[in-house]
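Following are the structures in question.
Here chain A shows up in two complexes: once beside chain B, once beside chain C.
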Partner chain A sequence: MKQNNLKGWLYLLPAIAFLGLFMVYPLVDVLVYSFEEGYNFASQTDMGTGLYNYSYVLHDPYFMQAVKNTFILVIITVPLSTGFALVISLALSSIKKLRDAFQTIYFLPYVTNTLAVGLVFMVLFKRTDYTEGMVNLLINWFGGESVDFIDGPYWAKMFVMCFYTIWVVLPFKILILTSALASVNPDYYKVAQVDATPRWRVFTRITLPMISPMLFYLIITGFIGAFKAYSDEVALFGTNLNAAGMNTIVGYVYDMLYGDSGGYPSYAAAAALILFAIVLTITVINLLVSNRRVKI
Partner chain B sequence: MSKTSEVSSQKVYDQAARAHRIRSGVAKTLIYLLLGLWALMVLFPFYWMVLTSVKDYAAYNAEYVPRFYTLSPTIENYVSAFTTVSLGRYFLNTLIFTLLTTGIMLVVVVLAAFGFARLEFRGKNLVFTLFLALMMIPTELVVITNFVTITNWGLRNTFLGLILPSVTSVFYIYLLEENFEQIPDSLYKAAKVDGTSDIKYLLKVMLPISQPTIVTITILKVIECWNSYVWPRLITDNEKYFLVSNGIQEIRENGFGRENIPAMMAAVVVISIPLIVLFLIFHKKIMVGVSRGGTKG
Partner chain C sequence: MKVVLDHLTKRFPNRNRKIKTEVVAVDDFTFEIPDGKLVGLLGPSGCGKSTTLNLICGLEKPTSGRIYFGDDDVTNLPPELRGVGMVFQNYALYPHLTVLENILFPLENLKGDKRLSKEAMRSRALEAAHLVQIDALLERRPAQMSGGQQQRVAIARALVKMPRVLLLDEPLSNLDARLRLQTREEIRRIQRETGITTVFVTHDQEEAMSISDVIVVMEKGVLQQIGKPQSVYDDPTNLFVAKFLGTPPIDVFNGEIRGGLLYLGKDAVLPVAGYREGKVTVGIRPEGFVPDEKGPLCCRLVGVEVMGRDTSVVAAHPALTTNTMRAIVDTDSGVDPNALEVRFSLKSRKVCLFDAETGARLYAPTV
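After this line comes the complex of A and B, so read on.
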């Protein structure tokens, strides 16, 4: 077995090389950047070492706007999309006819390019001089007033953003929950039927506990995914998210790195680490809660 | 006496059964209504994008109230999508990028998974644990340095710069390693006795057996590559190297002029078609694959 040593490492070499260069080294480097005060990429200069970058980012109104947007997005979309996915999956598992067709249709958004389909949503919601737009037509039918969802008031933009996010994330959640529901042992339901257990009781006492590990998995990944929202927003509001007032934390990181306001990797690094700290905290809280709840 | 009570109890039973049937019938209808409604929500944007893409530019702009159908479809928008802007080039770039990235990644991942699953060497377990720990690192954290690295190497606006950072995935190595582990060790020993080399054994025995996992990984990676936006945007500012996601953003901001929505929708249709076709052919495989190894949302 001794002579295998070299060979073993040889097989791992490509993976180790790529991971080391593009994963491990950057991890150290990002910390270094975040403490190099005001590092400018163009002039390759910094102003010393310390916590200035963090303080700059935390006092930047654009960053605070991005944090606010991201938190609103997370608080609205995670519970709504998970709950909605649960309702749809329960409905799906209670029918036989057309089930495969529905499942296939529901999965479609997963395989589409978010940037491309985001443009369609923009067209549907936008109000221009030439046209009211599709959604406003519907609103008018029901007797409401037209609103510009893309360049209009904050709540309207937030609504489109949440709506599109939910539309994009539902396929994955529905898929996971339908397979979780399908894997519940049917014997439990048969026993419940013999005992004439009411439906809601079957749901709260059998279904929910059995799928709760998957539900918590979806909630945790949902939180992480929503905190990293970025491309969906670009699709709806264009690349200059700060001007639209709809930037997200990840968007702020990229704007600091590159683009019209870019060239400041140290601010970007500080913002990225703040994001990482937020996500880590939320994930740990989630895990603690789920450990207490999920017991089978 | 007993006879009448029997009849009436039968009657009560019938009534209850009927009420139950009606109630569950109503419930079924409501369920189908809900499912149908969401299916409509999912499909409508696709319908709208195809519809708009075949509307004539002048006709579209004349509709103050949008129409749900068109009587005079035109392919003119598709022609201008390929001639006015370089949609063909974006398309070709994405194809090259997707094929190369997926191909190189498969080689790297397969080799590493084989090393972990079949070979014995000192330090293996430690390295494997370190690999797994890397799964928790979000891309947002490493993208900053990677951007600087690629820029310093002078690889901006090259395919190499686009591809290099995304040719490894710890998660796929893990997925494949699990699969390799399940292949009985006796097969490997027998091959060793026959004097088969490791690489030949890997190609001739392990890969065919693990084909479903390989297919899953390939599909997930292709979807990821086709839709990737952030890294290509950071690393390319020369239109020659744009991928479709950046291309569509470019088209939106400077392409046809902001108001030529039909041409924009034609471009969106063209970009969406490859993955949708792939999905319609392999939808079972893709859905199983994603539920095993996908994350998004």
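After this line comes the complex of A and C, so read on.
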């Protein structure tokens, strides 16, 4: 028995060593950094420990802007993208002809390079010397004023950011939900039909509960993904996100480390831990709600 | 409610899209299900039983033909307007709802003047639960119940809206042997108590024979025979029905009629007056053999199995279409298990003659 235990640990050793070196150690290190004032990489020195880093970050207007941006992004994109995905999946699973074709079309953005998608968004939204951009042309056509979506007002930039995020996460959610819908035993729908169940009731009392585990999976991973948003913002607004007022929490962490104003690992660590606390709280709330709601 | 199927046909496009020919799942069915009876729809798997049931319930539309409930033509009515209750093979209980919620579900769908008050719904659901004897399980979820209990819930859910017709698609096939016996009695009892016209689909002939008022035997989409279980067993219209009913199955011989006598190989076993001379297929029920030292049918003895009340004699004969045959005889009929040979005389009531080519029953000429 003891021998076996030892063997087991031996087998696990490479994985543990790897995880320890590249996951646990850095995590602990970040925690340590976040409490060390003015830590300097080069000289490996600090000026004492305390909560100063947290206080600095929480009083930094750029950080507060990033938090605000991130929260707006999360609150708008997670419900909307999940909702759209559900509607599209329902439509997809109710058609018979051309379903495969539509499924491919909806899945294309997932396998398309982010930069290519970014380019498409440029064509849609960016004003250049030659054109106002597709969306503006549309707005003009309906008699509206052009809006600068990339360098213009905050709401316009936020709109583009949310639009882009929803666009990017939609295919995966559609994929998951169409397969969840397809895995519901058709006999349930037959029984429901024989029992004269109205369509809306079939949806709320049968379909939704049956796919609820997948739905909650998507919501939880959606929250986490949206809180970690960064690269999409860079693709849209360039690297100087603070100037554009479009920074996110992860973006702030990156800037503190490597950006033009960078070189502050302590602040970065503190910001990262604040993000961690937020994501943890939201996920725990999500799990608590889903444990109560998801019954199968 | 009497159910009438009138020249009902259902063709499906082939599931394999490369094959252009259609599958005829139900081929020109005409029969009547009498009001308040339990009808067993019996046939091997893939013969179109489920399709027939789906046609009656409205989940499938017939290619041609009509369906009547009583005097109403329901052919073009969708299932929700037909007033049928259906129980599926896998029960299809909603897993996230409790037993009570499952049973209430159909009632909550009722609209207009059919809609009941909350208390009335509840008492109807409790009544249905009581009928199938699951009163104690109302707060459970399907996953917390045995197959037999789930089965009862499914029946209660189908009965609660008081359907005109109750349809059961292989309701017992997911249960173990003992539970199957028990549950089929239960279904019989519930059907008697409610008097609802019931169609019960099964591929198990014993099950169909034991609980049905009327059995309908079908094969490859074609109706073979309809009648009381005993009369279908005693009087099969063709070789398929004869072989399909009965355990142990009927023993089949290649026979010949010569000079008014039925020959099995060299043995002249029965006088058969009035039939056309020539080759016939002969089916003999296992209980039609009587051990008799002077009997005309001489078989090689393979084995004797004593099964309590009866004895099963396994024997071989050159005219058999199978390797061995089985005769069920009285235990005290004195077959010596060590003998090499066993001789039988035959009960003529248990012998059926069939056309050697088509398998159609050959009947004794009526005088």
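The working rule: the second predicted complex is superposed on the first by the 269 of 296 C-alpha atoms of A that agree within 3 Å, B and C clash if a C-alpha of one lies under 4 Å from a C-alpha of the other, contacts with A are read in each partner's own complex, and residues count from 1 in each chain.
The working rule: a residue touches a chain if its C-beta (ideal position, glycine included) is under 8 Å from a C-beta of that chain, and two chains touch if they have at least 3 such contacts.
This one's a predicted model, so the numbers in the text were calculated from it and none came from an experiment.
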If chain A is used to align the two complexes, do chain B and chain C fit next to each other or clash?
fit
So in the superposed three-chain picture, is A:T197 touching just chain B, just chain C, both, or none of them (first/second/both/neither)?
second
If we overlay the two complexes on their shared chain A, which of chain B and chain C does A:F172 touch? Say first, second, both or neither.
first
What angle, rounded to a multiple of 10°, is defined by the Cα centres of chain B, chain A and chain C, with the middle one as vertex?
70
First (chain B), second (chain C), both or neither touched by A:A277:
neither
With both complexes overlaid on chain A, does A:I105 touch chain B (first), chain C (second), both or neither?
first
Looking at the overlay, does A:I285 come into contact with chain B only (first), chain C only (second), both, or neither?
neither
Which chain, chain B or chain C, ends up touching more residues of chain A in the combined arrangement?
B
Based on the superposed arrangement, let me know which partner A:L138 touches: chain B (first), chain C (second), both, or neither?
neither
Does the superposition put A:Y188 against chain B (first), chain C (second), both, or neither?
second
Please indicate which partner A:A243 is in contact with in the superposed arrangement: first for chain B, second for chain C, both, or neither.
neither
Smallest distance from any CA atom of chain C to any CA atom of chain B, in Å, after fitting
7
Identify the overlap between the chain B-contacting and the chain C-contacting residues of chain A.
none
Chain B contacts chain A in the complex at 28, 31-32, 34-35, 38-39, 41-43, 45-46, 48-49, 52, 61, 63-66, 107-109, 111-112, 114-116, 119-122, 124, 127, 131, 134, 137-138, 140-149, 164-165, 167-168, 170, 173, 198, 223, 226-227, 229-230, 233-234, 244-245, 248-249, 252-253, 259, 261, 264-265, 267-268, 271-272, 275-276, 278-279, 283, 286-287, 290-291, 294-297
Where on chain C is chain A touching in the complex?
57-59, 78-81, 84-86, 88, 90, 92, 94-97, 105-106, 108-110, 141, 157, 161
Touching chain C in the complex: which residues of chain A?
185, 187-188, 190-191, 193-198, 201, 205-206, 209-210, 295-296
Hey, which residues of chain A end up touching chain B in the complex?
1, 4-9, 11-12, 14-16, 18-19, 21-27, 29-30, 33, 41, 81, 87-88, 91-92, 94-95, 98, 102-117, 119-121, 123-124, 128, 130-134, 137, 167-173, 175-176, 179, 221-222, 224-225, 228, 230-231, 234, 238-239, 250, 253-254, 257-258, 265, 268-269, 272-273, 275-276, 279
